[in-house]
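Letters A, B, C and D name the chains as they come in the text, with residue numbers starting at 1 for each one.
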């Protein structure tokens, strides 16, 4: 039982990273960033290059790939998305363009085969009669640390406050003298960075292929909708719920287990149209 | 007889009572002003009457018929027209195009007739067109008829809001601060147009901070504060009513003695 | 002495006269005509199926080149060279339709091979029937050549005998390599193939217990989308009766990797056996970790160490291997797709040679009647409809184990009649 | 969104008819196989794009449009394979079934706003797809196959490409005419009002849910019709054929063409998309890379879509008031 529990925790915590990232980008864009899943994939491949091709130590490779792909995210937000004036239709096309381009690039460079990623640590410890993999525990711990850091940053730092303000109401924030464009790029970068961390973690536990992006996107969309867009705590909550559905549901319900997670989201949305802890955006006119 | 009869209307958001047991009665063909300091619950009353909010208790009667808890569109069909405090517009439509919106509710033909372009449908659209001509000239919007609504000047947008409502016959007109963002001659223009409407038998319930206008326009004034009705009467009585003065001194003086 | 001289002289004169006479006597064989045999392959080159598709296409085209190098296919007085065109069905119905269209109507190919996408391949069958060209596809994991459906008389199914293989897979493995195995835990992917396999194995329960001393202590299915096998594996670990072996019939490579890795993680150090083959052993080891990978048995079986492959094809497969190695620097592992596309091509080529004509009718008749030689021995068409019908057949397979960083064949199951 | 071609002048009608007839004649005589295929795909995706655009008109961004293709296709499959219904019956019935589903589901989910509707439509489509993929009666992950080829009607033979081309173009014309009339009649205006501001529209007695569901159902009808025809045309379908990507294509064709015009936008966008889809190189990865860059480029230089090219040619003539059609 303990191992399933660990599995659930691990999964959920990384879902949290993924979803929080998407929440940040959504709060900037007012459009679901379809490329989020593929930033996650791209991050994992970047890590593959840095850690294996270049043979850098784990931490350095992690940092570099975050910077690289996060920068890419900021570029997309600043140079492509912003020029489209925040209208939903062109943004969707732009983002699906980025999605396809990233996937194609991955296939072109690394080929379509599935690959393994170097985990930070390996090995197992036995607790009582059940055995726990250190890799998973470490993954969970990293995810926790990142979440804690992010929470502190958003809650207490001045920058974090202005990010939240911008997420709430763009116009008001800009009126209060927040440099909205800077903040947008920043939160896009942070969001993408979180996706990258999640990508490196999850694909190390499972496997990596150019096509993992869409799945990750769907999962994180589910989570942020369930938790309520723009709400980090909501994402945290929802990630664990979806985690339960995916971990325990799969073994209990079997073939139709996807109905559990999807059904939950549908029901919640119909009861609470803004998700669990949703905060209404002030839509721009 | 009374056209609209509101008894013991109450609505509370979370803890605080936005509207608390308000009784209002509007007779046909009179203009009633609904005044009070900001956040007194005036707009909430409007939303309760027009069905955008559901009252906790109390009821709204239109010509003796209970319309409490009906959907906004049903209430609108019964002949209560309203405007909104912050100008809502049909973005991307021209003035004339958005005028047609106000006429749809009196059109009988449905989806299929529209699809197959039957004569009945054409007839109705012709009526809509003629009506829009009248309204454009009546509200003095003729020069703006082909401009996109979102580029209209603010005052004109207010005019448009009212024009859309009167595209089809209404018994009551609920105007939520129609004068904001208007210059003096626009205000006077709107006021005598409202008078004209009154003479056509439309009764009007108007929320306005512009006291002078309210005093000149209204037959009767209802003052609300903290969700409660604190005074009611002719403009003269209201201007002498100590409770009202007190309420206004409670908040900004400027609004009370408004120019 | 005189006679001797005369005799020699006679011989010399005879020789001098004879040689030109002989040369005159034999008529010079006429110059050969050359023709082109356009063969199209519809293979997923994009989308999630492409890891299988792309190497398949490459191996098949290498094979085609080698056939051309060996002087093409002589038929009558014409030497036919193969031009091999690959078209991308995106592993989706509309993709398959588009590629069928492209190959048959635009490229005007003489035959279509390849593709591993049951039952969407029947789309190709319909187009091929309309255009009356032979189609050799992998429609179902069934052995030998089969007529797919009466509706598509020109379509043949040449596949790898997974479903039949599992019938004696474990018993063979036990007797050959793992004598101590007493109990098996069974997990199948919850798709049609997996369910078929599970039913089949369950039907063999008694037989295995009686004849091979194998007991099934656990069986379950995991959903197609399931990525993490921990729930099932932990159930297996918690069984009162320890399982000595995990049999993940029909698990895809990612599934297998996850099963191996996670069973290792939760301390289930038992052999993990599956029927399908690996795409890339090196990457596989990287995914599931070195220690975990050492427990993995798959039906990795390349023609070069396959007992029933004829020397000719053994040699050919080794040449393909060499070309691949020169091109990529890496070894061509089994999973890099001998089984489907190249094998279909081989079958077609030998059918053409046998029929000694490129007319569709002749080739189809040959495929239906004569024994066709391909990379995995020789097969004869069963003439049965592929879908849904279970049949007793012989099959060939090899189970190999990951030892160190490569696959080593453990046991060869050759030509056994299925009970 | 300015509407340019909003006046169905008789000349325009005649022109359209002539264009269509000319196209069909051309298709029958000259069109090479490859282009017949492109045209079929063009017709299919134009119709689907229009269906998507109608939902956008009432202010809802549907991210799961492929679900109607899926439902339509599987309905047709079940009707023809399990119940042996003739093709035409199956076609119509599955379209109707599709719109009934849309009616029920739409009445529930169309209340949601903005991003939330986007997500729930996506969720809905995934639920349907995965449930089908798990249901044995519907062929599970292998899908339905071996659909019978419909009988010929008059000169139209369905064993040839032309026959199907006619069918899909016919459906396209049906859809295009319907949507054209809707856009240029009061219905289209009402949709525009509701898309712009549901509250204001409601204060004029227009119940937004009624019109949203109406739009949803109509969209579902035509998309389902296409889906059913597509399933039979392909002869085999499986759940992989209705993934997230297909919903994306529906949006792409509509937006590439331009959301300004409900008919011309998807027509243009779908043409561009399918030509590229057919002719892009088959180097693994390169095609989706190129497609992605192309999408970015087009949307970047023409944010209003291809239709804006045409707008720059013929200006909208305003001024004289006209009786609305």
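Keep this in mind: a contact is a pair of C-beta atoms (placed from the backbone, for glycine too) under 8 Å apart; a residue touches a chain by one contact, two chains touch by 3 or more.
The model shown is predicted, which means the values in this text are computed figures rather than measured ones.
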**Study point:** Chain-chain pair with the highest tally of contacting C-beta pairs
**Key:** A-D
Exercise for review: Please indicate the chain closest to the centre of the assembly, with centres calculated from CA atoms only.
Suggested key: D
Practice item. Would you kindly tell me how far, in whole Å, the mean C-alpha position of chain D lies from that of chain C? Key: 41
Review point. Centre to centre, by mean C-alpha position, how many angstrom separate chain A and chain D?
Key: 32
Revision key, fill the gap. Touching at least 2 other chains, the residues of chain B are 91
Study note, to complete from the structure: Two or more other chains are touched by the chain C residues 46, 50, 54, 190, 223, 225
Review point. Which parts of chain D, given as residue numbers and ranges, touch two or more other chains?
Key: 130, 134, 284-285, 287-288
Revision key, fill the gap. Pairwise, the chains that touch are A-C, A-D, B-D, C-D
Exercise for review: State the interface residues of chain D toward chain C in the complex, per the touch definition above.
Suggested key: 32-34, 37, 41, 130, 133-134, 136, 139-143, 145-146, 149, 159, 161, 230, 233-238, 240-241, 278, 282, 284-285, 287-288
Revision key, fill the gap. Per the touch rule above, chain A residues touching chain D in the complex are 26, 30-32, 34, 80, 83-85, 87-90, 92-94, 96-109, 111-112, 210, 214, 218, 221-222, 225, 229, 255-256, 258-259, 262-263, 265-266, 269-270, 273-275, 283
Point to revise | Interface residues, chain D side, partner chain B - complex | key: 1-2, 178, 181-182, 185-187, 189-190, 192-193, 196-197, 199-207, 214, 318-319, 321, 323-325
Point to revise | Of chain B, residues touching chain D in the complex | key: 50, 52, 71-74, 76-77, 81-82, 84, 88-94, 96-98, 100-102, 104-105, 107, 111, 114-117, 121-122, 125-126, 128-129, 133, 145-146, 164-165
Review point. In their shared complex, at which residues does chain C touch chain A?
Key: 46-48, 50-51, 54, 190, 221-223, 225-228, 230-232, 234-235, 237, 253-254, 257-258, 264-267, 279-280, 283-289
